[in-house]
Every structure is written in structure tokens, then in C-alpha cells.
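Below you'll find a set of structures to go through.
Below, chain A partners chain B and then partners chain C, in two separate complexes.
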Partner chain A sequence: MTENRMMVRVQIMGESYEVPEGSTIIMAMEYAGYQLKRGIGCREGFCGACATLYREKNDYKIKGGLACQTVVTDGMVIAQIPFVPAEKPVYNITELTPDIDTIKAIFPTVFRCVACNTCTKACPQDMEVMDYIQALKRGNIERAADLSFDCIRCGLCALRCPAEIVQYHAGTLARRLYGRYLAKKSPEIEERIKEVKEGAYDGEFEELESMSREKLSEKYYSREIKLK
Partner chain B sequence: MEISYFPGCTLKTNGRNFEGTALPLLELFDIHAKELDDWYCCGVSFSQSADNLMQQIAPIRTLVKAKESGNTRLLTLCAMCYNTLQRAIFFIKSDEDKRDIIHDFMYREGTKFYGDEVEVVHLLTLLKEIGSEEIKKRVKKKVDEFKIAPYYGCMLLRPKEVAIDSSNAPEIMEEILEAAGCETTYFPFKTECCASYQIVNNSEIVKARTKKIVNSAVKNGADVIVLSCPLCFYNLDEIQIEIKKEDKNFKTIPVLYFTQILALLMGIKSEVNNFSLHYIDPTPVLKRKGLL
Partner chain C sequence: MYPEYMIESIKKVEETRPRRLEKSKKYGKEVFPHMTDKERGEILSKFHPDYKAGARKEVRVGPNKGEILTTEISDLLESYSRINPKDFNLDKIDYETDVLVIGAGSAGMASALIAAKNGSNVLIATKLRLGDSNSMMAEGGIQAADQRDDSPTIHYLDVIGGGHFDNKPELVRALVSDAPESIKWLEELGVIFDKNPDGSMLVKSGGGTSRNRMHSCRDYTGAGICRVLRDEVYNLPDKIKYIEYSPVVELILDDNGQAVGAVIYHLETKQYSIIKAKSTIMSTGGFGRLHIRGFETTNHYGATADGIILGYRVGAKLLFMDSVQYHPTGAVYPEQIVGFLCTEKIRALGAQPVNVDGELFVYAMEPRDVEASAFIRECLERKNGITTPSGLCGIWLDSPLIDQISGEGTIDKNLPGMVRQFRRFDIDIRKYPMLVYPTLHYQNGGIEINDKCETNIPGLYVAGETSGGVHGRNRLMGNSQLDLIVFGKRAGLNASKRANNGVKIGKLSLEHIYDYEKEVADLDINRRKIAPILLPDYIPEHVKQKQITAEYFGTLI
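Our next item is the complex of A and B:
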């Protein structure tokens, strides 16, 4: 009886299982005997590999989340998604211009957005997905890059979009265009790259590489962070 | 004075000559158009289908932004955006059931919109409110024998509920341009439809319409056509090039946004006109008339 109270009943891919209360969906699936090879990654909510769709008891809404971050509830119905078969256009970033014509050519579907906000509701990162798509529609690459910055490319937005837009790939293009053409250049980086190439830090690296784990750890925690 | 401003997508791209001239113009009257944050494309044309709820969401979201901005008078320049936003207001006011469905659909955002909270105003209406006297005061250049044909198309006039002036015989553009010292010319096709989105699937219709409209303006002695809709602009401007290819006798005429003429008359630097966005080059006639 004691054990029963700590268990919840969930449905995973159509089968019913009892799993420990408080488990994440990933933990619940493994508890139920699944060996996950696809749709699993860092288990820390960073990589975006474990998109999942689920529904909770007495709720008609299908929700999305990351299986490693979403805790199961009693009566939950879970469908783990191995991967999202979204279209991924191929382009050469060095041949593009950071403007609306590029968006039109590579992601014409962006212009079908009806501003339903379904993508935003689906996003486990709580990002303003619709807003970054709308920014692209206006040709505001910088805004789109900024708003899509936290995207982990889980694909849930694209799965729910009625206009069949692949938001995360479009957001990636925005960030690439921004990084390559629009971001302010940092002369410090150029300078540092030059120093690295010239071997200015080779000696220090060699020293670090030859240190014992303890010494390295001691050095790491006692390091001084210099800000210019 | 500050007024909320919805530019719409085209004014940020192909319509830069419109926004570029309109905003500095307003500054001359101490009106600062404050662009809404992260606004949404209005959907471009008001959906005519019976099941058009989804198409209403985008304009309504923009109206909600204006409501939340606290500055609830919302300025538009593009005639299309004006029409779509204004009709979304009528839509939400006139159908309670559909309004409830839309509110339910936006449950997560927790926003509601009933229609009366925001007033959409077109730039022409705003200039008319400012009045002829104030307009006159800001004019720096005088032009002689420069005949302008104002073209309204549909979006500012139809349907009647959203019309900024008489649907049949509008005069608002004439009033404003005349206040600025221009001569306007009447031509019977000024409220004729340019065939609008037919450009996408049947450009022949647009060609036929453009030919009629342009011929009529030319016959009535116009030097330029002015308007306030980016789609009319494209249809009347670019399509003339196509017509000319087929008909050597066809006489072309430059097309401009009405704000471009006003900006030139009021001495705003000419670069904001982005003349490279025009297919029929308006600079020769503007130079001849002393505006450039």
C-alpha cells in the first residue's frame, strides 16, 4: 500500500504503466522498460532532443514539453517523439544578404503565418515564437535573432503550426545572418584569434595538460577572472 | 503629440519611400508616430470567406497591442492595413459569438478586445484634422503647372463603413494637396479598382485596369498619379513597364505616394524618397517642376 501511494498511472505510447510519482517522462519511460535511443539527449533540458506530446487527465488539450523536464501526473497520456521530420533547407551563408528577400527565398512558408500563437504555446523554452516569425515576416532579422536566441530546436512549434512553418530552422537562419552580417564586429576577438594562431597560449596549454586532476581543479577554482 | 503607429510589412521593405516621407512629414507638425512593439502582419486583405475567424486573429492582436500601449489612436499609412484593421474592429463589434470564440482561442494570452478600445486612423484623415491652414504654413516650395491625379482605389473607400471620405466622390487627397499649393486634376477612374491581388494569378486583368486608369489620368492632363496603397503602387507603376513593352504608343506616367509630394514641397531632404524603388522614374518631371 505504501508503495502504491507513491506511484501514478500513465499511458506511454498506448500502454498503461505504474511509475513512481515525481518522475520525469524520461524516467517514467525507462522505469516502464523502454530503452531510449532516439528522442533522448542531455537529460538536462538543454539539447532539445526529447520533444514529447502529452495530455493530462480531464484535459482535452494536447501539450508539448521536453520529456526530461516534464514531470508525470496521474492519468497522463504520453507520446514520445523520436525526431521531427521537418524540412531543412540547405544554403550557403556566405552567399546570402541579411534581408527579407533571403527569408522569402529560403523560408517562403514564413509568410503564411496567421499569428495564431500556437507555436508560442507549444514552446518548452517559453519563447515568443510567433513574435520571431512575425519579425522575419517584416524582414527584421536582428529582432528575430534576438527573440529566437534561446531556441533548443526541439521542433514542437513546427509540429503544431497550422501554416507548416519550421520556425526553429528559420530562427537559426536569422541568427546566422545576424552573426555574419549584422552584429557589431569585435576587434578584440580578431586580435585574440591572431594571438592563438601565433601560439601565444601554447605554453600555458601545455602546462595545464600536464597537471594532475587535483592541481587542475585547484587552479580552476582559485582563478582570477579578468574583465577589461 | 505622440500617436501609436502600425507600419505594416510593406512599408519596411518595398514601401520605404512611403514611410520614409510620411514620418518626417508628421514631425513637422510635432506629431511623433510611435511604432508598436513587435506588431503583427495584418494579414493584408480582409478575409471574405464565411469561416474567417483565423484570419481575424492577426489584426486583432495588433489592435490589442495598441490597446495595451495606452496610446489607443492607431495610425496607418498603408491603405490595405487601414482597411484590414478597421474591418477587424467592425467584425469584432458586430458578432458577439465569434468574438467569444476568438477570446477563447486567445486564452493563454489573457487578452480581450471588444472593438471600441482602439481608433484606427489613416494618415489622410489625420492631415485633414490638422487642417489646410497648418499645412499651408509648412510649405516651402511653390510649384506651377504641376498637375496631380489623386488615385484612391478601393481600400480607403470600400466598404462604406470604413470609408475615410465619400465612397463615390472622395476629395480628401485633393483637399490636402491643394492646401499644399498643388493643382489636382479630376479623372473618372480615381476610385476604380486596380485589380489588386489578381496580380498574383492573372496579371492580364491588372494590365487592362492599369491601362484604363493611366490613360484616363494622362488624358486629363496629369503629370503624376499619387496614391496611398503599396499594392496599387506596384500595379500602377511596375505594370506600366509591361504595357509599354506591348504597346509602344502607351504613354507612361510616374506614380508616387502623396506623402512624397508633400515632403518635397515642405523641404524634407529628397533622399527619403528612395526613388530607386520606382519603376517609372519620377525624377525628370519633379526636376522640371522645380521640386528636385
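Our next item is the complex of A and C:
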């Protein structure tokens, strides 16, 4: 952060600080002197640890976002969310069926969805959260898995949901059911696992492992490259 | 959006695009010659950051004493403990477990799941939350030789050539042999891999691979895997306990020199606790947050080399800790995302690296160290880079080419994370190229293991990025996700077997800290220099000067 840049004034959990313009919320908090432990993670928008609530100048709306991906604006009021106390039901993935009965048994709250779309508006990934909850209500696991795929589990949907649904855990179940039970399986994998187990490559491995560096290098640089 | 002067250069990229597109359609990725053995050697020694003056220096303490390691690592190893052994009563055990897993990325969680399945009680201690790790952030893919035109031995050759033939052969063999089975294990847990309509795996190439064997979960591959492992850990509360916000600050040995547990420190309540374990698995990840040579990093906030420090202090040997991986394509614009990962899958899908004039200058899929060096050469020596308003230099990664090669919608479908990342800052990567430069990405070396994940310290197992030997001095794309699963599982199984076999634990001890600190003190090193640092420190100097009563202990606590 260069010293000669423009500054903006923000409130971090009620306290006023001057921070460089263009900072993300994380950068702004660090500039102010915080070394964060909670409410911080990968810093790249992939882990969902830094859910944040903020309000902008002259606006009454409280918005949600990721602190590592949201740029501060002058007059912004910021709060970091340390933890989301949502319930995570425990289940055995090997004993489930990929259908509506499983959803009913494990996530009965899904059926309380009133289609208000608050979850979708809260999602910092811009995902169609309500649509995947509606898909689950209909037992459409495949669609729910597809629409929830990019979820980073920040918890903002569940925090804002008036029906008390924990969307992100329900989405995880949908994806696990799809991956395990519904996705078509690749026949090649089974064949290859069998070959490895039966020692089909042991001879080649032993030859490679006993090669001198020079021989190995020669073999490597003359190997056939077949990229489809 | 890009400033006007960059748009001028983008226009040149657009001018050369039809010509490059035509060639791509005809020759695939083979539109620029591959480097030979000699060319690779030359460009690495001239441009790779590892070869720069001051990049490496001798470590003067511990098991690798006298060896030349990465400077920041040598410096960090020559440091004192966070604790004084005399403050601890090791007869008072706070937690007792069969298997202790330190760190909860994919390697740690995979090992926990396998150890639990094998009948062990497992305790995971982790610095931040379960799943907070580099594993979660991986984008591009996971390698496995499961296609008919491929084989584990072809995979072996790619891995060992990419690692410059330094890799430990038994580890490479384990990596590639277990790969297909690992993919199946993940799928049975519920990971969704990208597939063709007939159910076969949709596979792409990666830098330095001779076949298409990169499996992916869109461009959220790491998350696709890590989220599932975490959910499964949550589902086994009776077998796997976990403690969050509790980094390990020292390992505990017994009087026979076996690793038998650890001291953890709770980041919020500031309490220390003693864990006694029959086996200990170290899976704390890498070192990106040390910002080696001042580089920005793709790494998680918690990637501060803790495992290396802790293992080294009890006598575990390090391997290849003189080598650092810089990912060729880190973002350099906009400023908010500098250093962030732009997945190699972008190139795997057909995007080409081009210079300020829109011209190709390197084969797009060289191994990472070679590719990164070519980018650095283009910017620093040939002056064909593009300078950002904040003074950084980069080259273009021509992403719009992807949709032109494979049809509109390809980028949206395969790179939703990348589209989202740049869209947040008003750049549409479907229409405009991305400005990139190498970024600190991966710890190639680590604590030396064998194919059972054992170290030279009985009872101490290592898996994932903290381990050394699998990738030699340069890891290929998609082999770290594979490493986490293959060696995570192996560590879990072998650590559990050891616990089940009724290992005898002697008297617990932290005496090794005194011995180690004596070596450090003999070098007249300042007592304030301590490790592991646990968290990076980004508080500006003018604020620090006012934090008069705050305690900086490696990091602000």
C-alpha cells in the first residue's frame, strides 16, 4: 500500500479509521492495526471464512460480502462475522438414497422455504441459492448439486434466511449424493485400479526406478507427447 | 476495467488472435517449440528466483546443518521456541489420542478419515478452521493416469522429469500408483468430477504432462475435494475430534526419541494444552506467507511453514528446502488481487501467454519453473511486459481465445471461479486477457518421508505440502491435490497401524528445545527471534509504533 494514495474514512465495528482508497475490507482492517484470527482465511475468495456485513454511506441497507473481495468506500460501516452457529446434521453417506426422502429426513427445514430470495441476494458468489433450495424441495438432486457447486460456505445465506434453512449444508448433501450415487461412473478407472493391483506395471516401474539419471533424462525428453 | 494505455496493448493481442487461433485449431497446444534439456537449464539458472544472489544460504543449526537452503527458511530455522519447557508439567495431559493430526487441509483430513476407519481415535489440532488451507484454494485439477492412452509409468516419467530427476523414486511410484484409486475414493465420498456425457472423466493437460490426465471440479477442484472431506469429518464426531484455532507450537518427544504428541496454543484464550498421542501426523501445509524474495503469494493466510519448524526442532530431516515454486500465472492487475492464482487450467483450456505486442514467446505448457522463468525473462530482460499503474510488470494470458477455440460458454462452464474473481473488479475475462506474473505458490521440499510417510523420527508421519521428496525440485500441476490424498491416506493408515500395534510410550519430554536453542544461542541470535510465527504480519509500521503495550511474539498475539 503506497503512502501517497487517497484515503477514505470507514467505521470498523463502530470505530472510525482512515484507510487507503481501493483497499479491500481485510486490507483496511490490517491497515487499522488488526491482526485477524477469525473472519479471515484464504484471502482469495475461495474459503468463505471472511463473511462480512456492511452498510454504505447514505444507505439504510445492510449488505453481505466477503471481506477479502469487497473494496471499501468512504463512509462504509463494517462488521466481521467470526462464526456462524448453524446446525450441521450428521449422516452416513453410504446409507442414503439420492432422493427427496433423504432431504426430508436430514434437512426438513428446506421445505419451509417461502421463495423470498433473500438467500440469493445475500450470496457473495452470486449463486442462485433459492433455486437450489427449490430444486431440493422437488427432489431434484442433480440441479441442486449443479446450482450449489460454487458454494464456499460463508454462511451468509443461512444468517439472512427467515425460514431458518442452512442452505450451504443442504447444498453439500446434494453434491455428495450426486457425486456418489447419480454421476455416471467412469469404466476406465476400475480397469486401471485392477491393473495396478495385479502388478501390471511393476516391471516397468522397476526398470524406471533402476535407471541412471542420464538414461531417465534421455527417456523423458524423447517421450511421446499426446495431448488431445 | 483496464486503463487506456493497457487497452492499447490489448488491441495488439486482439490483432494477433485470429492468426494464433488458426494455428491452435490446426496444431492444438503445439504452436511454440518445447524447450530442450539445455534450454530449460539455461533459463532456470538465469531467471528463476531460486538462482538469484541471496536466494539461498547455509543453515547453521539442526539436522541439515551446513546445507544450503532457501534464505528465508534458513533464517526461520535459526530461531527460538515460543515456549519455555520449564513452564510445562508433562504429567498433566489435556488430551490423549491414538492419532494426532496437525493441520486440517485435505492431507490432514484424508489421514484422519483413514485412521478412524482403521479403528483409531483421532484428534485434529488446527491453527484456524477445519479445511482452512491451501488445499481449499486449489483450482485447476488433480492428476491420475486412468485414461486408456495413459499409464502410471507414463505419469511417473512426467513427474520425475518435471522434478528434474531429483524426486525420490519410491514416492513417485506411490503417487502415480495410488492415483486412480484415490479418484475413486473421492468419488465414493461424493466429490463431483467434470465428466463427459458417457461418464468418462473430462481430462485436460497440465504443464509438463505428456497426456491429458487432469481431472477437475470446474475451477474449484481443491474446494470440491476439501469440502467433502471436511463434511465427512463432521459426520464422524465419535471417532474424530477436532480443536480449531489451536496451532501446535512444539512437538513432544519421549525419552526414546519418539514423537508422542504436541503442545497446542489457543489463539483466542491464549491457553496451552498438552496432547499425548501414539502417532503424530504433520500436515500443516506450506510457506507462502513467508513471502520469499518479497513475492506475493497464492497461499492461505496460515501458510507460515509451521510444520517444517516443528519437525526440524525434534530432529526431522528436510529435503529440497532449497527450492521454491513460483506459479507462472499470478494476477498483477487489478491491485486488490495481486498475487492471486490464475489457474493453470486457463492454459490447459487453450489460453496463450503473449507479450505486449500480442506475440507468443514460450510453449504454454512447460513445467512451472520453466514457464515462470520465461515470463520473468520476457518482462525483465526482453522488456516486453506490460507495466501496471502501481509499477508491477506482467504479460497477457489471452483467455478469450478459449471460447474461440472451444465455443462460447466454455469459459463460463469451466472457469466460473476465475470469471467471478475478475468480474468483481469489472474485468470480463471472456472478452479481455488477464495480466499475470509469477507468484509464490508452493513449497517443493519439506520433511523427508518414505512411501509410508514415515520420517527419521519414530512416530512422526508427514503428508502433503509439508513433506519433501515426492516432487523433487519442481511440482507439476495437479500433483499436489493428488499428493494430499495419496499420502494423506498412507499417513493415516500407517500412523493408525502403529497406534494399534500397542506402541510403548516413555516419559514425555520437551528437552529437545533446550538442545536446539543452545545451537541457536551459540550463533548469538537475538532472543526475540522465534518460530513458528503462526500468522503473517501486515500491520503498517506507523500503526505498530503505536501498539506499545501489544505483544509481538513472532506475530501479534
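The rule is short, and it goes like this: the second predicted complex is superposed on the first by the 185 of 228 C-alpha atoms of A that agree within 3 Å, B and C clash if a C-alpha of one lies under 4 Å from a C-alpha of the other, contacts with A are read in each partner's own complex, and residues count from 1 in each chain.
Everything below uses one rule, namely that a residue touches a chain if its C-beta (ideal position, glycine included) is under 8 Å from a C-beta of that chain, and two chains touch if they have at least 3 such contacts.
This one's a predicted model, so the numbers in the text were calculated from it and none came from an experiment.
Colleague: Which partner does A:M6 contact after superposing on A: first (chain B), second (chain C), both, neither?
Modeller: After superposing on A, A:M6 lies clear of both chain B and chain C.
Colleague: By the touch definition at the top of the document, which applies to A:E128: first (chain B), second (chain C), both, or neither?
Modeller: Once the two structures are laid over each other on A, A:E128 reaches chain B alone.
Colleague: Classify the contacts of A:K137 with the two partner chains as first (chain B alone), second (chain C alone), both, or neither.
Modeller: First partner only, chain B.
Colleague: Could you tell me if A:G22 is touching chain B, chain C, both of them or neither one (first, second, both, neither)?
Modeller: Touch partner of A:G22: chain C, not chain B.
Colleague: Kindly classify A:V114 by the partners it touches after superposition: chain B alone (first), chain C alone (second), both, or neither?
Modeller: It touches chain B, and chain C stays clear.
Colleague: Looking at A:A105, would you say it contacts chain B, chain C, both, or neither? Reply first, second, both or neither.
Modeller: A:A105: touches no partner chain.
Colleague: Return first, second, both or neither, reflecting whether A:C42 touches chain B, chain C, both chains, or no partner chain.
Modeller: second
Colleague: If you tally the residues of chain A touched by each partner, is the higher count for chain B or for chain C?
Modeller: Touched residues of chain A are more numerous for C.
Colleague: With touch defined as at the start, can you tell me which chain A residues reach chain C in the complex?
Modeller: On the chain A side, the touching residues are 1-2, 22-24, 27, 30-35, 37-38, 40-47, 49, 69, 71, 88, 90-93, 125-126, 145, 149-150, 152-153, 172, 175-180, 183-190, 192-193, 196, 201, 204-205, 208-209, 213, 216-217, 219-221, 223-228.
Colleague: What does chain B use to touch chain A in their complex?
Modeller: 9, 12-13, 38-41, 43, 54-55, 57-58, 61, 105-106, 108-109
Colleague: List the residues on chain C that touch chain A in their complex, please.
Modeller: Against chain A, chain C makes touches at 28-30, 34, 36-37, 128-129, 131-132, 136-137, 139, 144-149, 151-154, 156-158, 160-161, 165, 169-170, 173, 177, 180-181, 183-184, 187-193, 195, 197-201, 205, 209-212, 217-218, 220, 222-224, 227-228, 231-232, 234-235, 237, 245, 267-268, 298, 300-301, 335-337, 340-341, 365, 390, 416-417, 420-421, 424, 535, 537-540, 543-544, 546-547, 555-556.
Colleague: Which stretch or stretches of chain A touch chain B in the complex?
Modeller: 100, 113-117, 120-121, 128, 130-131, 134-135, 137-140, 143, 162
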